[in-house]
C-alpha cells in the first residue's frame, strides 16, 4: 500500500498550528463559572415560596412515583415531632445486597427479620414521651430503657427507632458503642470500674488490667461462663482516696489489683458471691 | 513459564489457591457449544488464537465484548457478546405507566436521547389518537435536528479517535458542547433531556435558548467544516477508511441496515421521507446518499446530513407558529386497547417502537427497535479478512450505541 | 405457521410488492398465545406492512426463521428466543443474546414472576397463569399502612 | 522490658535503619582519624591522589557518563511537559496550568506520581524477564546519549565509530520491547511486541542507509568531525547536499521512536497499551521516559547530521567584535572595592525599581507582593545578562544554545505530528518502509556516490 504524504497532511498540520494560536474556550472552573441556564434541572433543591415557608408538605407522592425508588423523605408533623419516615434507603441498601446475596446462592442472613419476642412497651413509651421522642436524647433514652428492662432488647430498639424516627442502624450503633449499655441480659454480677483520670491515677488502670485478666474478657464483655460482667462506670469525681470500683452498685472498700482478682476468682469459682444473700 | 502443577492464586480471590491454573486466556466458554455456529466458531485450527476485545476496551463504544478469532493480525472470524448493559427496559416499561416509559427510554440511545424519548411518545399518541399542537411539533423537530447535529459531530470525533487521531475528538466535543448547552437552556438537562411529553413538550422556547441558538447558527457550518477539514483529505485517514467495510446494496438490505450505513450504499431510505411524521412533509430538504458504501462514504455522509439539518432548523425557525405546546390530556392516560408501530429517523438509523395497550394505564408490550442493534450485526459480516486495526475503524464507522443495542 | 415464511417470501420477491426492507421483527406474549410480528417497508407503499404470526403454543412456541430472506433478522430472532422462548427453525445461531448462558427462564413472558429471582428459584421463575394470587386486602388504620411493607408476607 | 529494648520498640522503622548506620559510620570515622593522626594508617591521601592522576581519561569518562545519564531525566521531564502543553494548545484547550506557573511542574509531579504507584506483577508473568524489560529499554535509549556532541568541547565520549555505536545501541531497544511483550502473559502485549519488532527492524534499514550518504561525504563516522565539517555558514550544512537523505532519516526516525503516525506498538484504540499493558508504577515510568528520551535523541541526531549540530547559521563573530561584545569587553575587575559595594547596593535598588510599576498599576497588590514580583523580574534580568555574557565569551555555551534550540524545534515537530495525524495500519507501515523508503535511500546512496566521483574527476 503506498501513499504519498501530499497536501492533505500538510493542510491538517497547518490547521492545528493555526488552532494552537487561537483563543481557548476552556473555562477555569473554580475561578470562572460557566453560566448555567435558568431552567437547568440539575440542581436538586427544596423550594420555598415567597413567604419563606417550605413548599413541600411531605405528601410522599414523589417518593411513591419515583421509578427507581431513590427518594428518601422524612417528615415532621404539626407538633414538630420527627415521626413520619418513607425510607426505602434503609431497606433499599439491604434489599440490593440481599438480592445479590441470594443470587449468589449463599443463605441470606436477615438480622432485622429474625423473630424477636415482643416486650411490654408501656414503660418504654413513658420514657419516650418524657424525652419528647427526640432522637437527640438517644443516650438518655437507652440508659433509662436499660434500667427499666435490665438490657436493650431488639424489640426495644425497634420501637425506639420507630418512635423517634432515627434509623435502626443509628440506634443499634449507639447501643453497641457505649460500654455501659448492654444488648445481652447481664447474667451474673456487674463489676464497674471508673475510667476518669483521677481514678486512673489512683490505680484504676491496674485494677482494670487485673479484672480483665481475672474475668478473661475485655471491658464491656462478660466472662465466658457469664458469672461476671465488666463495665465502665462514672464516679463523677466522687471517689476521694481510691479508684471507684463497684460490684452490682456497691462501692468496693479496697479497690486494689490483688483484691479485685481474688474477688473475681471467688465469684467465678462459687458462682455465688461471698457474703451476699 | 509457570508450570501447571505450581500452586496458582485464583484471580477472583487471591487468598484462594486453585489447582487448575486460572485460564486467563481461555475465551472458550466452559459449557458445550449450544448451536452449530458456536461450535464452528470455538473450534480453533492451526495457528489461530481467540482474543477478547473485552467489555473494558478503549474503542468499543460502551460495554461490548467481541471475541476475535485471529490468525496473526488477520481476523478469521468474530462473535460479538452482548448483554453487559442490558437493564430489561422493556420489562420495566411493562410495569410502569405511560408517563414513566419516557424517562425509562431516555438512556437507550444516550447520545441522541431526544430521539429515544420521542418514539414512545409518538407511539402513545397514535394509540391515544391525540393531535399535537403545531407549535409543539415544530419545537420537537427543532430539538431533534439540534440533537442530530451534536450526535454527528461526536461521531466524527470518535471515528478519528479510533484511528489514532487525538485532536478531532476534541473539536467534535467543542461543537457538541455548544449545542448541548443550548438544549440545556431549553430542556433543563444536557444529556438525558426528558423533554418530550405525551401530547406535546415540557417547556416553551425561552430567551436563553433562542439567543444561544441565534449566535450558534451564525457560525454553525463554518466551524464544523474547518474543524473536520483536519481529517477529510488527510491521506492517512483516507488510506485507512477508503474501501474498508464495503457493503453493496443487496447485502445492506439483507442485513436490515438503516440510517447512514444504508444510505452510504445509495438506497435513499430515510424515515423522514419514507414515512413522514410530524411536520417533515412541509419542510424542504433532500436525503444525501453515497455510492461506495465504505467507511469513508459513511463519514462524508454525516457531514452532508449536518448541512441538511442546519437547513431544516433554518426553515423551522422561520415557520414556527404561536399557540399551546401541550394538548389537553387527562392526568391518568388509559389508551384504547390496540397496537401501534411508530418509527423516526435517529442519527443512527430507523428507531421504532411497537406499543401494545390492553386498556390499562400500563403498556401491555413495548418493543424497542434500535438501529445500532442491526447495524452492529453487520460487523460480523464485514470484518473477516481485515486486520485488528480495521475492526475498530469498521465499528466506529457503524457508530453503535451500546445503550440501544443492549436495551 | 409454515406459511409465514411463504407469505414473507412472496411479499419480498413479488415485483409488484417488493417489501425488501424488514423494519422490525419482535415476539409478543398475549397471555393466551405467543406471536411473532414482522414490519416491512417497500418503496411503493405509503405505510408499513405488519405481518403477525399468532397462535404459537405457549409451552413450545415454534416459528420458521426468516434468515434465508434477511440475514439481519438473526439477532432479532435470538432476542425473541431469549425473551420469549420462541424457537425459530432454520436460524443457525439460536442462543441467548442478553441473558447469561445458564439462565433458565424467559423474562418477557407474561407468566414470568418478577419479584422471585428467576435464575435461582426452583420453579425457574415461572408461575402457573391460573394460580395468580389475589392481592392481600390491607385492613387497619393508616398507621398500620405506614408499615404495610412489613405486614405483607 | 529492659531499658534498651523499650526505646528500640518506640523507634520508627526509618529510625531503626538510621540509628545503627550512624553508629557504624561514627565508629569508622573515629578509627580512621585515630589511625591517621597516630601514624598507624599510612597517609592515604597521597595514594588516592596518584591513583586519580594516572587514569584521568577513565575518570573523565565516568564523570561524563554519569552527567549525561543524569541529564536525560530533566530532558525527559521538559519534553513531557512540552508535549502535554503543545498538544493541548493544538486541541484548543489550555493544558496543565495548576502545578506551578503555567503547569511547569506537571511532568515532574507526573514522574513522582509514577514513582509512588504500586508496580504490580500479573499472575503467570515471567517475573525475571518482566522486571528487566523496562531497564533494557531505558538503558538502550539513554546509552546513545554518550555519543551526541552537544557543544564544541562538551560531549561525553568522542568515538570515531559514533554512528555505528548509535545504531547498535538503538537496536537494543527492540529486545527490551520483545521481553516486555512476551513476559507479561497477555495477548495484547504479545501483539504489541511483535508489531514493535517488525516495525523497528524494517525501519532500521532505511535509517542506516540514509545516513551512509552523509558518511560518504564526511568520510568519518565520528559525529564530532561531522559537525566540524559543517561549520561556516548554514550553506555548508549537509541538509542542502543530502536533502532526500534528511527526509528519509526524519520519517524513519519517527517510526524508530514509535511516534505517530507509526505508533502501532502502543496503539491505544486497538491493542490497549501494546507491550506496556501490564506495567504500572515505575516500570511503566521507564517505558514512558524511554519514549521521550528517544524523541530527544532522534531529533538531536537529525540536527547533528544534517543541520550542523552546534554551528550557528551565520558566522557573525566579526559583527559582534565590531559591536564590542568580544570576550574581554566587560572588565569588572577594574572596579575593585566598587565591585563589592555594587553587589550590595544594586540588587535592592533594581528590585524596588522593578516593583514600583506593579505596585502602582495593580491596586489589589500589597507592597510586599510587588516587591516579590520585582525581585523575580530582577532575577530574570540578571540571569539573561549572565547567559548572554557567557554565550559570547565561551563558544561552548553559544554552541550548546544553538544545538538545543535546533533540537527542540524538531521535538516540537514530532509533537505537532502526534497531535494531527491518525495511525497507520500495520500493512501500510510495512509497505511504506519496503516499497518507498528503502528504494529511495538506495537511490540517494547511488546518486551521492556518482556525484562524489564526478566532482573528484572535475576537481582532478
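Should a chain be cited, it is by its letter among A, B, C and D, assigned in written order, with residues numbered from 1 in that chain.
Basically, contacts are C-beta pairs under 8 Å (C-beta built on N, C-alpha and C of every residue); 3 or more make two chains touch, one makes a residue touch a chain.
On a predicted model such as this, the values are computed, not experimentally measured, just so you know.
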item	value
Chain whose average C-alpha position is farthest from chain D's own	C
Middle chain, criterion being Cα centroid separation	B
Pair joined by more contacting C-beta pairs (A-B or A-D)	A-B
Distance from the mean Cα position of chain C to that of chain A, given in whole angstrom	48
Separation of chain A from chain D, taking each centre as the mean of its C-alpha atoms, in whole Å	58
Chain C and chain D, separation of their C-alpha mean positions in angstrom	66
Sequence positions of chain B contacting 2 or more other chains	167, 174, 230-231, 234, 236-237, 239
Residues of chain C touching at least two other chains	none
Chain A, residues touching no fewer than two other chains	1, 3, 9, 12, 15-16, 19, 25
Residue numbers on chain C that touch chain B, as the complex places them	20-24, 26, 28-29, 37, 39, 41, 43, 46-48, 50, 69-76, 83, 92-102, 107-108, 112, 114
Contact set on chain A toward chain B in their complex	1, 3-9, 11-12, 15-16, 19, 25, 34, 36-42, 65, 67
Complex contact set, residues of chain D against chain B	87, 90-93, 123-124, 126, 185-188, 191, 195, 260-261, 263-264, 267-272, 418-428
Contact footprint of chain A on chain D as seen in their complex	86, 89-94, 416-417, 419-421, 425, 427-428, 431-432, 435-436
For the chain B and chain C complex, residues of the former touching the latter	29, 31, 34-38, 82-83, 86, 88, 90-91, 94-95, 251, 253-258, 269, 274-275, 339, 341, 343, 350, 352, 354, 356, 365, 367, 369, 373-374, 377-378, 381, 406-407
